[in-house]
Amino acid sequence: MTELKEFVWKANLDLFRSGLVLLTFGNVSGIDRRRGIIGIKPSGVPYEEMKPEDIVLVDLEGRVVEGGLNPSSDTPTHSELYKAFPDIGGIAHTHSPYATKFAQSRREIPCFGTTHADLFHGPVPVTRQLTEAEVGRSYELNTGKVIVERFAELSALVIPAVLVAGHGPFAWGQSPGEAVRVNIILEHIAKTAFGTMILNPELVPLEDYLLEKHFQRKHGPQATYGQKKGEPR
Amino acid sequence: MTELKEFVWKANLDLFRSGLVLLTFGNVSGIDRRRGIIGIKPSGVPYEEMKPEDIVLVDLEGRVVEGGLNPSSDTPTHSELYKAFPDIGGIAHTHSPYATKFAQSRREIPCFGTTHADLFHGPVPVTRQLTEAEVGRSYELNTGKVIVERFAELSALVIPAVLVAGHGPFAWGQSPGEAVRVNIILEHIAKTAFGTMILNPELVPLEDYLLEKHFQRKHGPQATYGQKKGEPR
Amino acid sequence: MTELKEFVWKANLDLFRSGLVLLTFGNVSGIDRRRGIIGIKPSGVPYEEMKPEDIVLVDLEGRVVEGGLNPSSDTPTHSELYKAFPDIGGIAHTHSPYATKFAQSRREIPCFGTTHADLFHGPVPVTRQLTEAEVGRSYELNTGKVIVERFAELSALVIPAVLVAGHGPFAWGQSPGEAVRVNIILEHIAKTAFGTMILNPELVPLEDYLLEKHFQRKHGPQATYGQKKGEPR
Amino acid sequence: MTELKEFVWKANLDLFRSGLVLLTFGNVSGIDRRRGIIGIKPSGVPYEEMKPEDIVLVDLEGRVVEGGLNPSSDTPTHSELYKAFPDIGGIAHTHSPYATKFAQSRREIPCFGTTHADLFHGPVPVTRQLTEAEVGRSYELNTGKVIVERFAELSALVIPAVLVAGHGPFAWGQSPGEAVRVNIILEHIAKTAFGTMILNPELVPLEDYLLEKHFQRKHGPQATYGQKKGEPR
């Protein structure tokens, strides 16, 4: 479990260094699928003071199994996502400015460009608004459920982030580090989409065939981007 | 009083390092409630050259009681707030860009998201415009009075900042450091609200029940955020 | 003249460190009024490589009197301003983003806030567009003349900057360092005015009595800002 | 060829340090015209870990002639440009935010100011959208071809960049370092044009005679900017 703590701690530091989080906001978690144990940032602890041993270990029901600190208050949201999306290994949550502007305005981020298509196989979706009853009881858990509901006909593998209405983005990937990387790119996508919509309010999204090409170039069996596994770096 | 000077000096440095202030603009103060003494930044001194002993001590009427430098020209505004809001221990004033855009446009910042709801129990209010007479005599004192007037039916405890029309934000908290923290978050809130209003000009504020949930999560008796007092950090 | 070169070199470095200039763009000059000699940045030399001895000395007609490098191509604009505005001691020119947005859109910057009123006694003016003949011959000199023409009924002492239409800002002050300081504040003013105009397109400028109050607070005989001359710092 | 690798490596580092690229996005190449060999960034390698020997050498058909890593997936676009524009010596490609906003909105960048006119002899053009067939086969090569098509009646010497619709900018120059410099200035131009269009949506471009003056001041036989060759720096 020391390794899980190290990975999660490092990913939290990467998030902090990316400039996407203010003060103690935001959190990154990772999961050890074999044991069903999640490592997550402790609540309200400054990033720069956090040590690997401060990472809190919880089970898939969110019960603390190791660690002297309270886990992030968003822990039930994370655990719900790990249960619903069996292929993901890390989750990052921030209030990064441009993604949050879209989340607050309750508008999805249309795919206007190839950077978006490289990572997302379609627009970045927004959840529906939670009801008063859902907020009143098990709010954080229901935040997870409403994300899962939004993905009823979407694949979390090819749409690796969501905007929670009135809140902010959750992003995920195969590892905590990849979840942070998705969040960094998501913020860039949101920023350029924001300006694109101002410059050309009538713009329709990128042609499907170009979206498909870019997505497959990085993700499909014919992927041509990067270095093949085993090649020298 | 050496401790008050240290706290105020440190909070002024934190404000400078946050990037929210240009040149010598802005100021932070703190109060020793037992003695009724305020420590405040000297006027026009560069932040990076300031030393703890440069912090000027004044009484609640704004009279200098210790220090060889002139206190900030905004001192009468600070002292008026300390008199009206007995629970606050520190005040920070900046011309941070996004909060100032709202202050200059004389529009309150609506609550569009959970970051806002975590800190403010409603929109960030704007003062009314000062009259010519109020500007002509005791301008800085009247700036304080018009803030207090705006809070006639608001609680400074749950709305820890205000936008002075045509000027900029004043933020407060239990300590000088907390006032700076509020100002940093306020700037983030103003920035995301600005973009939200562009993306969705017809948007209504966050549902009351969600605002309430987030505010209580951090402030109410059932607060679940952060580490309990006395717990190890 | 070594002292003039040092002052001008230092102010150019300050401009570079402020982040307002890209690559080799922009320039700062200073004048020794007693001798009628201007020191100015050499053309196209990277800021971080510049040495005090690289500063070029020219007379009020723009003829090089000392220095092995070509002076900034904007030198005739600077010398024209020094001739027309006898009280200024330094000039800074940049293409800083927000001031340039206003210059390019050929709109003056209205006074919407107290930061503006602290420094400018009214809106920041824009020059008229140069005619084809004025551009064709002695373009840089005519840029200076059209600025001076714009100030026919304005005082350069209380309006320490101008936006050259389709180009960018020129700012000035009692010294090269003060000219840089004006440019830094001008960029902040332009940025907040830009956002203010988006949030409230119908907004009228700040009340005259508030503009007057702020301007006099920093500049009038009853100035209360900063530390009195001779006081310890 | 060691020298080509050094130049290309250094220009890639300069691009990274300019802040215009995120993570491993973007790439810079250079060409040795005498041998017909292109040096280009390897695909997906982090900038800060790249070493000069990682630069991949390819011929004008894009075949790897030296290097153990895969070249950038955009290599066929680069080689197509080197074949069509015989005077260029370096190419830089980024997804820099403001240039990308224009590329995604499929709007050219009008010339609104002298910074633009100093570098570009007219608006920065946008390519037409690729057809489904062009995307389906030899996509990256066709990206190069559609750029060349856009320049049928333009000179790459005086318009040193293009916006690929729905993608981002490609910039070029006499060397890899100059291509990076063009990209940095292009981003500044796009940023100020963006704001100019918001402040003044009806604005027409800069007068032709002023555009001509600025372009010739830096590029024509009567160029007066900078230091003459052979002069001390």
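Letters A, B, C and D name the chains as they come in the text, with residue numbers starting at 1 for each one.
We adopt the following convention: a contact is a pair of C-beta atoms (placed from the backbone, for glycine too) under 8 Å apart; a residue touches a chain by one contact, two chains touch by 3 or more.
All values reported here derive from a predicted model rather than from experimental measurement.
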item	value
Most widely separated chain from subunit B, with each centre as the mean of CA atoms	D
Shared interface numbering between subunit C and subunit B [over half = same, under half = different]	different
Chain centre separation (subunit C, subunit D; CA means) in Å	33
Rounded Å distance, subunit B centre to subunit D centre (Cα mean)	46
Subunit A residues counted as touching two or more neighbouring chains	198
Pairwise chain contacts, counting only pairs that touch as defined	A-B, A-D, B-C, C-D
Touching residues on subunit C, where the partner in the complex is subunit D	22-25, 42-45, 49, 68-70, 73, 95, 97-98, 100-107, 129-130, 132, 135-136, 139, 166-168, 194, 197-198
Residue numbers on subunit D that touch subunit C, as the complex places them	112-115, 181, 184-185, 188, 191-193, 195-196, 198-200, 203, 206-207, 209-210, 213, 217, 224-228, 231-233
